[in-house]
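Common to both upcoming complexes is chain A, partnered first by chain B, then by chain C.
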Partner chain A sequence: MAKYTRTSERILYLFILPALAIYLFFYVYPMLTGLYYSLTSWDGMSKQKTFIGIKNYLDILKDQYTRTATVNTLIYTVVVTLFSNLIGLALALMLERRTRTNNVFRTVFFVPAVLSPVVAAFIWKYMYSPESGVINSLLKAGSLGALAQDWLGDPHLALISVMLVPLWQWGGNVMIVFLAGLMNIPEEQYESAKIDGASYFRRFIHVTLPGLRPAIVFNIIISTIGSFKTFDFIFILTYGSPGFTTEVLTLQIYKHALYTAKFGYGSAVAVMLTLLIVLFTIAELRVLTRNEDSYL
Partner chain B sequence: MVKRTSVPLTAVMLLFGAFASAQNVTLTMLDLNPEGAPFITALNESFMAENPNITIEYEAMNSRQYDQRIQALAASGELPDIITTQMFPQYKEMAANDLFMDLTDSQIVKSGIFDNIAATCLVKNGKVYGVTWNHLAVGAFYNTDMFAKYKLKVPTNWDEFLNVCAVLKKNGITPIVSDLGDGWCSMYILNNAVGNLIYGKNPKYDEELLAGKRKITDPVWKDIFDKIKFIYDKGYYGSNPMGGKYEQSLSDFANGKGAMHIIGTWVIPVFDQVNPSLKYSLFPVPFNKKGDPSYITLEGELGMSIAATSKNQDAALKYFEYFFSKKPYTAYLEGKKGFSAVKGINVSFHPSVAYVVDNYLSKGKTTPYFTRSWPAGMDALLFKVFQEVMMGTKTTPAALDELEKYLRANLK
Partner chain C sequence: MRTRKPFRRSLPIVVLYVALVVFAFVILLPLLIVIIPTFQTVQESSQGIMRLPKTINLDNYIAAWKQSKFHLALRNSIIITGCTILVNILIGSIAAFPMAIREKNRIFKAAFFMFLVGLMLPFQAIMIPLYILMGKTLKLTNTFIGTILVYVAMTLPITIFFFSQFIKTIPKEMEEASVMDGCGYFRMFYRVFFPMMKPITSAVIIQNMIFLWNDLLVPLIMINKTALKPMMPRVYMFFGQYYNQWNLAFSVLVISAIPFLLLFLLLQKQFIKGLSSGAVKG
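What follows is the complex of A and B.
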C-alpha cells in the first residue's frame, strides 16, 4: 500500500511538469539571460557577446550618473510609497461608511487608477505646462500668479512634481485595499474599545491599525515594487530632465540598453535594481510582519 | 488517374503561388519624421499607384522614441524593410553591426546622383549603408515683422546678436522661444556655435579631437558654453525654457509669442501650417567676433536604409530609385522645403531661406553637425550637462570634463 502511494505521488509530480516548464522558460530563462548579458560587453546588436566578468558591476560603482539615478529612485520610492499609503488610508477612513455620497467619492478617487500611466502622465504634462497649463492658469486667475512655477523645468521642483502624479493615480487603488481591510475588522472590537472609554485616536491605534496589518503589508510591498520599477511617468513627463534631476534607474537601463549601445551595462543596472527591490521587500516584510506568523 | 492529374495541378499551383508572392510585396517603413510624413505619404501613394503589386505600410513617430525602437527592433531581428536613418553615431554603430544592407554596389549609389553630404551620410568602414533624403540648414528663424518694428537688422556677429536680444527683451518680446526642456533641442544653437568657432577655422577638428590633439576641455568649448549661458541668464530664452516643449515652442514662434527660434529648416512646413501669414527668415546665430567669417550648419537631414534582414530588398531598392527620380523627388522637396541631395534636381527655395542661400550656401560657408564622429550616447550626455550648466547646477569646466572623459572612455 505504501509503495502504491509513493508511486502515485510520483505520477502526480508529472502533472506539474508542464507548468514548471512554462515557468522555467518564460520566467527563469529571461532572468538568467539578463544576468548573463550583465556579465558581457554586448552592445545589443553585434553577434559577439564578450564575457567580461563583473566589470559592469564595478563600473556601476564608479558611474556618477547611475549613482544619481539610484538616489532619485530611492527618494521616489520612499516618498511615493509612504504618501500613497497615507493618502489611501486617509481616504479609506473618510469613506468607510457605506453611503451614497461616499460611494460617489470612492468612484471619483478610484477613477485615476483605471487610467493607463501613459495617459495619466500626458494629462499631467499638459497641466504642468508653465505657459498654458491649468495649474499655473488657475493660480494666475486666483491672483496667486507669484506661485506659478516651471513645475517640470525647475531643478528643485521637477522630482516633486513627477512624484505627485503616481500619488494622484495610486491613492485610490491603495484606498480600495484599505477599505477591504477595514471591512474585515470585527465591529465588536470597536464596541469593546468604546465601552472601555477609548477615544477615536486610541481606537485607531489599537484596533484599526492592527486590523489593517495585512492590507498595510500588501499595499506597502506593492507600492514599493511599483515605485522602484517606475518608468512611464518619468519617460513622458521629463525623460529624466532637467539635467539628471529626475533620472531613475529604469530610465538608465532603457537608455543604456537601447541608446548608448551598452546593453551589457544596462543589464547590470537591471540586475542591481532587481536586487534592490528584493532587499527592500524582504526588509519591509521583516519589519511589518514582526511577531506575526500568518503572512509568510 | 488521381496521380496523373495531381502532379500538373500541384505544379500549376506552385507556379501560381510563386508568381503571386513574387508580384505582391508589402514593404514596411518606419520613419522618425512626423513633420515630413505628409510628403512621404504622398510619395508612397504615387509609388504604389505606379507599382500596384507593392504595398507600403508606413509609420512615422517622434524622435524621442525612434532611436530606441529601432535598436529594440534590431536586437530582436525585426527591423522594417525601410528605416529612416541619420548620420548620428548610434546608426553608424548599427551599420557596423551589419544591420543595414550594404548599398555600396547598388545601382542608385553607383549612379553618382548624390552630392557629397548625402553620399557620406551613413558610411562606415568605407561602405554606404544609407542615403539622405534632403539637407537641412540650422540657424535662428526670426519674425521679420518684429525685427522691422524695432528696426533690427540681421546680426552678423555676437555683439550684434546680443544687442538684438536686448532690444527685443526691453520691448517685452521674448527674444528666443526655443525650448531647452527637450534636451535634443539644445543641439541646434550648439551646432551654430561649434560651426562658427571651431569648424569654420578648422575643418579637420573632428580628426584632431578623436586623435587626442584637441579636447572638449579646451577653452573654445568653455567660450561656447559661457556665451549660451550668458543669454540664458539674461532671460533671452524666456522665463521657462526648461519647462517648455518642442511642439509648443514651434507653435509659440508661429503665433508671434517670440522673435526667434533656433532650429532646423524641417520646421518650415509646420510654421506655414500653423500660421500661413507669418513672415520669417533665417540666419545663423553669429557666435563670431566682428570681422570674422560666419557659417551656417548644413547637414543631411534624414535618410533611409534597408534592413539587412529584409526579404524585400529588390522592392526596397526599386522604391529608392523611384524616390530620387525627378518628378516624385521634386514634389517631395517642394513639400518638405528641404535642400536637394541629388545633383541636378533643384526646386525653388522657400522665401525664408533666401538669405542663407545667398550669403552662405551659395558661397560654401557651411559646417556639418558636430556630433557626427562622437561615440554613441555622448550627445545624450551633452544635452544633460548642458541643461545643468544653464540651470547653474553644474559648472562649465565640470560639464566639459565629464564630456571629455566620456569621449575618451567610449572611443573605439
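What follows is the complex of A and C.
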C-alpha cells in the first residue's frame, strides 16, 4: 500500500466536487429549506414565516384527509410492489429460454415501460371512461353489459382501477431484471438438483429463488420507492376523486403547495412521506438481506 | 448466449403459450385502441371511435403536429434531455469513482449516503423550495439551463449508485497495476476504468433518458412559457385543450411516444443488457 504515496490521493476529493456541488445546491438545500418550512405556518406567498414548532406534525395526526391519503399510499405501494413483482417473475420464468418467439414476447411486454406515465395515464383514462370507454364497449359487445362499470368514478373501484395501470406499465420492467437474475444462476446448480431428483417446484424453491435474491431485492426496493412517489397516474386519471378514495400523499402535497396555500403543512406531509420511504426501504433491506453481506 | 436446458419443459408448453398470448393481448390492446382513431377521417370518427379506418389517413397527425407546435416541444426535449445526460455522465461517473474504490473513507462514505437519500426523496418534498430558489433568487425559471441543472441534480443519485456498484465489481488489481505504472488517478479513471464502464454507461443513459423524456412534474413548475415546454407538459396541455377531439389528442400522444419507441426497438439489446448489468451485480 505504500506505493499509493506516489500518486496523490487528494485529487480523489476533487472528483466528487462538481457532482456534490450541484447536488447540494439544487437538491439538498431545497430539502433542508422544506424541512424548515414544515416548522412554520407559511402560506407560500407572504414574507412572514411564523415558526410554530411541530404543530404541523401534530395536525397530520388529526387530519382525516391526510390519514386517508396515507392509507391509500400504503395500499397502493404494497399492492403495486407485490403484484408487479409476481407478474414480472411469472413472465421471466415463462420467457427464460432464449428463443425467437420469446424475444418477441419480451419486447412486447417491455414496450409500455418506455412510454411516459403521462401517455399511459391518458390511454387508460380513455379505456376506463364509462360511456365511450373501451372496456365497457367491449363488455357490451360481448353481451356482458351488466359488468360495465364506472371504473374511475365508483368509490369502491377507483383505487383498484388506478393500481392496474402501473402493473400494466411496469410489469415488463420488473421482468427484465428477473431475466437478468436468472442468467446469473449457474447451470450446475440445476443439474445437481435434477440428479437428486428434485421436482420443478423444489428446484424453484431451493435453486431459483435463492439465486434470484439480488434481483428480488433490487425490484422490491425500486417498486416500493417508485410507488410511494407515484404522482402522474393519479394526477391525470382521478386527481384523487371520487371523494378522497384515490388521494395519495404526493398529490396532497402538490395541492397544499399550489392551491390550499398551506405550504408549511404541506412540507410537513412531504417530510413524513420521505420518512415513510426511508423506513420502508431500510426495513426491506434488513429483511431481504439478513443472511448476507449488506447489499449496498 | 448461454442456453439452459429448460427445467420447465415439464410445464405444459401449450398452456404456457396461451398464457403468454393472453398477456400480450392485454399489454397491446390499449396501445392499438389508441392508434385507431388517429387514422380516422372526420366522417369515420362520427360513426364511432373504434371503427377501423378504411384508408391510412394522416390528416390528424399533420393537424396535431401543427396545432401543438410539435417541432418546438421536440426541440426542447432533445436539448434538455441531451444536455442533462451529457453533464450527468461527465460529473457522475468521475464522482462515483472515489466512492467505489475508497469505500472505507469516511468522507466518501458520507457523500455516497447523501446521494442514496436522494434516491428515496419524493420530488414534492423539494418542489416549492426549488421553485422559490429558481424563480425568485436565481431567476432561472423559463430557462433551459435552470431546468437542466435541476434535472442533473435529480438524476445524479441513480447515476452515482449505478456507477459505483459497477466500479466495485472491477478487480482491485486494476487500480494497483495502474499505480505501479505511475498513473495518476485522473488518467487511471479515463484510461483504465471509464472504457470498462461502457455497459453501465449505456444503462445509466437509458434509465435517465426514460425519466427525462417522459417527465411531467419538473417542467410543470420550471417552465410556463409554451414555446419552451418539452414534450410531456406540451402533451398534457394539448390533451386538456382538445379533450373532446380524440383524433387529434391521440395523434399527439402517439407522435410524442414514437421517437422513444423507435430508439428502444433499435437499441433493444443495449436497453436490456444495460438494465440488467446495473441491477443484478450487487
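One rule holds in what follows: the second predicted complex is superposed on the first by the 273 of 296 C-alpha atoms of A that agree within 3 Å, B and C clash if a C-alpha of one lies under 4 Å from a C-alpha of the other, contacts with A are read in each partner's own complex, and residues count from 1 in each chain.
Going forward, a contact is a pair of C-beta atoms (placed from the backbone, for glycine too) under 8 Å apart; a residue touches a chain by one contact, two chains touch by 3 or more.
Model, not experiment: these values are computed from the prediction.
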When both partners are placed on the shared chain, which of chain B and chain C touches more of chain A: C
Which of chain B and chain C A:S116 touches, first, second, both or neither: second
Which of chain B and chain C A:M94 touches, first, second, both or neither: second
Touching partner for A:S132 - first (chain B), second (chain C), both, neither: both
Touched partner set for A:G44, first chain B, second chain C, both or neither: both
First (chain B), second (chain C), both or neither touched by A:L179: second
Which superposed partner A:I16 touches (first chain B, second chain C, both, neither): second
Which of chain B and chain C A:A261 touches, first, second, both or neither: first
Which superposed partner A:L285 touches (first chain B, second chain C, both, neither): neither
Partner chain(s) touched by A:P155 [first = chain B, second = chain C, both, neither]: first
Overlap of the chain B and chain C footprints on chain A, listed as residue numbers: 44, 132, 254, 257, 263
Chain A residues within the chain C interface of the complex: 3-4, 6-9, 11-13, 15-20, 22-23, 25-31, 33-34, 37, 44, 91, 93-98, 101, 105-119, 122-124, 126-127, 132, 134, 137, 168, 172-173, 176-177, 179-181, 183-184, 187, 190, 194, 200, 203, 214-215, 217-219, 225, 228-229, 231-232, 235-236, 249-250, 253-254, 257, 263, 266-267, 270-271, 273-274, 277-278, 281, 295-296
Residues on chain B engaged by chain A in the complex (per definition of touch): 64, 67-68, 71-72, 74-75, 90, 93-94, 97, 99, 181-183, 239-245, 248, 252, 376-377, 380-381, 384-385, 387-388, 391, 393-394
Residues on chain A engaged by chain B in the complex (per definition of touch): 43-47, 65, 125, 128-132, 150-155, 238-245, 254-263
In the complex with chain A, residue positions of chain C that touch it: 1-8, 10-11, 16-17, 19-20, 23-24, 26-31, 33-34, 49-50, 91-92, 94-95, 97-99, 102, 107-108, 111, 114-130, 132-133, 149-150, 152-154, 156-157, 160, 176, 179-180, 182-186, 188-189, 210, 213-217, 231-232, 235-236, 239, 246, 249-250, 253, 256-257, 260-261, 264-265, 268, 271-272, 275-277, 279-282
